[in-house]
Amino acid sequence: DSRFTFIGGPCVIESERLLMETAEKVKRITEKLNINFIFKSSFDKANRSSIESFRGLGFEEGLRILEKIKKTYDIPIITDVHESWQCASVAEVVDVLQIPAFLCRQTDLLIAAAKTGRTVNIKKGQFLSPGEMKNVIYKLEEIGHRQILLTERGTSFGYNNLVVDMRSLVEMRKLGYPIVFDATHSVQRPGGLGTATGGDREFVPYLMNAAMAVGIDAIFAETHPNPEKALSDGPNMIPLHELEDILSQALEIKSVIKKKIIE
Amino acid sequence: DSRFTFIGGPCVIESERLLMETAEKVKRITEKLNINFIFKSSFDKANRSSIESFRGLGFEEGLRILEKIKKTYDIPIITDVHESWQCASVAEVVDVLQIPAFLCRQTDLLIAAAKTGRTVNIKKGQFLSPGEMKNVIYKLEEIGHRQILLTERGTSFGYNNLVVDMRSLVEMRKLGYPIVFDATHSVQRPGGLGTATGGDREFVPYLMNAAMAVGIDAIFAETHPNPEKALSDGPNMIPLHELEDILSQALEIKSVIKKKIIE
Amino acid sequence: DSRFTFIGGPCVIESERLLMETAEKVKRITEKLNINFIFKSSFDKANRSSIESFRGLGFEEGLRILEKIKKTYDIPIITDVHESWQCASVAEVVDVLQIPAFLCRQTDLLIAAAKTGRTVNIKKGQFLSPGEMKNVIYKLEEIGHRQILLTERGTSFGYNNLVVDMRSLVEMRKLGYPIVFDATHSVQRPGGLGTATGGDREFVPYLMNAAMAVGIDAIFAETHPNPEKALSDGPNMIPLHELEDILSQALEIKSVIKKKIIE
Amino acid sequence: DSRFTFIGGPCVIESERLLMETAEKVKRITEKLNINFIFKSSFDKANRSSIESFRGLGFEEGLRILEKIKKTYDIPIITDVHESWQCASVAEVVDVLQIPAFLCRQTDLLIAAAKTGRTVNIKKGQFLSPGEMKNVIYKLEEIGHRQILLTERGTSFGYNNLVVDMRSLVEMRKLGYPIVFDATHSVQRPGGLGTATGGDREFVPYLMNAAMAVGIDAIFAETHPNPEKALSDGPNMIPLHELEDILSQALEIKSVIKKKIIE
């Protein structure tokens, strides 16, 4: 539908209980705010900084839990895929397949995801200019796939830092697909913690507000009841109890934004 | 007073007539929008890309025109200074002395500007992180000067490009002074036109909205009745007839922004 | 052995004839210069800018040709892998498996490559600081694999541009593995040609000399008898007839470099 | 003359004794290595990070000491100027006027320096692409001044970091003037020490070697008998007792570099 969309959940599938609890609470918040909700969590973190990081509960157990959430709460699910062979199985459970930023140029993965017929959310690589997403999209369009979302999640800015170029949202919107702003990965500090990725959670609501003021179709944000104890991306996830206030502020900005500023 | 402030005018003092016309029109717009107005124009563009660029009508003629505008329209004036010796004379006419971004680390210029007793608006250098502005400010505080404005105008991002890091507004606000967002210089493309600086005027309203959504105290934007014919910074100035719509949208965002998002 | 190594060949397997011709000529050059030679070509370019770009002759035909070159000229072969399932088959033919820069954080691919027992050449991602390669390497060391090469190929520098930070060679060398400098991909202009990656071949010998002067163990460079007609990476490959002069100059620099500058 | 040139000395004029000692020792080293020597020290550090940093012994005392060195050791002197009024007096003593990187776009300063008739060494701004130096040079050429040196000293790379793009040396050389590589400022970490600029002295010899291998006409490096106790730029200056070995290695690279790599 045409309402605004929130995409979120805990970064990685830590346990069924955590996911159920988060899904339920976020569902209630999004209903209250009258926006769509797509639940996100990763069955596998294939590109962790360190080999010793927690990667998830595995492919099958992960998909089982995502399916349970989908049925229990009647909400669509998004998750990320990392190799072509995963796409078909994942598409049986989830509604949106997500292409991680590092992988946004991998043609086989893009095609395999598109061939499932599911919506494909492509995260713009940290190494890419917004204009280059045109070629990425074209790989899907060539096989007749047009169910596409484009996500901004920050661009490489020197070492161990990302910057969000708000012009990127404007540029990508010209490509004709809904634009998502990933507010939590955008504040990551890659390699900032030695063997883990750091982050500045403090900036999440500000960047979210800014993106809203530029004009976007959905917000992506990872959230967790207790980010300090999260098994992945703790430093940038939103504490679950703050989510409503943060989204609520962002939506107020959306309500005053005109489609065209200059008549 | 505590109202929002607009700082603007034509980039360079091209002629008395141009300045008078622009000042009058912008004054009317800001009164209608119920915000403060500080008129800006440069008597000299000391750092033009090319030696053959128009630099202004000269120091004395420039100051004379600025003074006339100040008296005719009863509005405060801001202009930039480039060498220490200019500060005293300029301060006799204008209300705010502006330190250009390239010069924000020049101690003598900062001190000379502060010693006039006038408010000093310091533009953050394109080569500086927001945290480094702490040391810049301290140079003024050391001699007891606290009438300071801090302006974000973009950061070097590869060659021939600037990026606005919205986190910079948050970081600089922590330093305790009003924060200005320069919406027109932020979209410059340094060296992008060979012997002139290019720019993407298209992005001005988007970045302005984004900065408003993050939280700022003033907007700086150069405006001109006919930017295509402007003698400096044409590619990024706002056409005067669009200014009201653009500011009006930005102010609507301001009206819904809370001081603290999370209670 | 302890001699310097040249890794190179045409970017992608365009035809058996092209590869045979190139391998033979480069072999002769490297013998004359008394350095090792590892022949490189890709059976598949999985991350081309555009869907319509030539990707190669396919997995099996590509491996067949690489095997023929290996046997005909008695030279080791390196090629890149993009998904885990490819590693075992590729390892039956080639001596070194190469991890593309975009994929240097994909744990499964790294592990699958390491498990073949072959040497693994990891290209540092354009989005990574040199220090972050420590975690990448550790993923291989954890399963007891230490046959590793590390390759510098440039870092994101604004949009559509890469910069080679020569400090990266020094930093990566501290990790204890041989360092390769990829002189041709380092001069790429990502997205610089619209639907293709541009490049500045002109800078290749300069960057190669510079890397030599810093201290490296191998040079990687793509070369082609006729780069203007090449089906991939033409703008940055070295014309085959210039290779000897360029390598020869670089080796002269190597001959005067001391291990320790300061006694 | 056509020999290679070394430009160096302690960053700031700390005392007559320090300068005399350094000048004498460096003169002996450069004579032994058979290269030119231009002594550099600053009478004033006008752009220190912090207001509390040592700025020098003042304009007149500084010039007096520089003149004494010039006469005592019969060596040419270079120093930097920060405002137009300084140029004439400085030119009476020194042989080369240096334009600091932050100030390379200040037209009045460039013109004032050129009008003295002395050679002008322009440092490329950290915010500038090498191609933009063409416009900078043209400001001098317009008034008939062609005694110009161009210096590379690193480019902004994210926050608190500089990167040396070796392509810049090639690009600037095309402009037709001698190219200097500033090996010690290039390893600065702007703002890296809170109220001071940090630096990685470790990388100085590597970057110097790399620049030599690309092809330059002079090396600029600050050196001090005891950098740990230096009053400015300690973290990146070369300890005086290491200078000979470092320069000696760099010159060996120069000896093997051909003017044209490809015949």
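In order of appearance the chains are A, B, C and D, and numbering begins at 1 in each one.
Heads up, the rule we're going with is that a residue touches a chain if its C-beta (ideal position, glycine included) is under 8 Å from a C-beta of that chain, and two chains touch if they have at least 3 such contacts.
Since the model is a prediction, treat every value here as computed from it, not as a measurement.
Novice: Where chain C and chain D touch, do the two copies share over half of their residue numbers, giving same, or under half, giving different?
Specialist: same
Novice: Please indicate which chain is farthest from chain A, where distance is taken between mean Cα coordinates of the chains.
Specialist: D
Novice: So what's the Cα centroid distance for chain B and chain C, whole Å?
Specialist: Inter-chain centre distance comes to 48 Å.
Novice: Can you check how far apart chain C and chain D are, centre to centre, with Cα atoms defining each centre and the answer in Å?
Specialist: Roughly 36 Å, centre to centre.
Novice: Can you give the whole-Å distance between the Cα centres of chain A and chain C?
Specialist: Distance between chain centres: 33 Å.
Novice: Return the residues of chain A touching two or more other chains; collapse runs of consecutive numbers into ranges.
Specialist: Residue numbers touching two or more other chains: 155, 157, 159-160.
Novice: Inside the complex, what are the residues of chain A that reach chain D?
Specialist: Per the stated touch rule, the residues are 157-161.
Novice: Report the residues of chain A in contact with chain C in the complex, numbered from low to high.
Specialist: Against chain C, chain A makes touches at 46-52, 55, 82-85, 102-103, 105-108, 125-129, 131-132, 135, 138-139, 142, 155-156, 159-160, 190-191, 195.
Novice: Can you name the residues of chain B that touch chain A in the complex?
Specialist: Touch list, chain B to chain A: 155, 157, 163-167, 169-170, 187, 200, 202-203, 205-207, 209-215, 242, 245-246, 249, 252-253, 255-258, 261-263.
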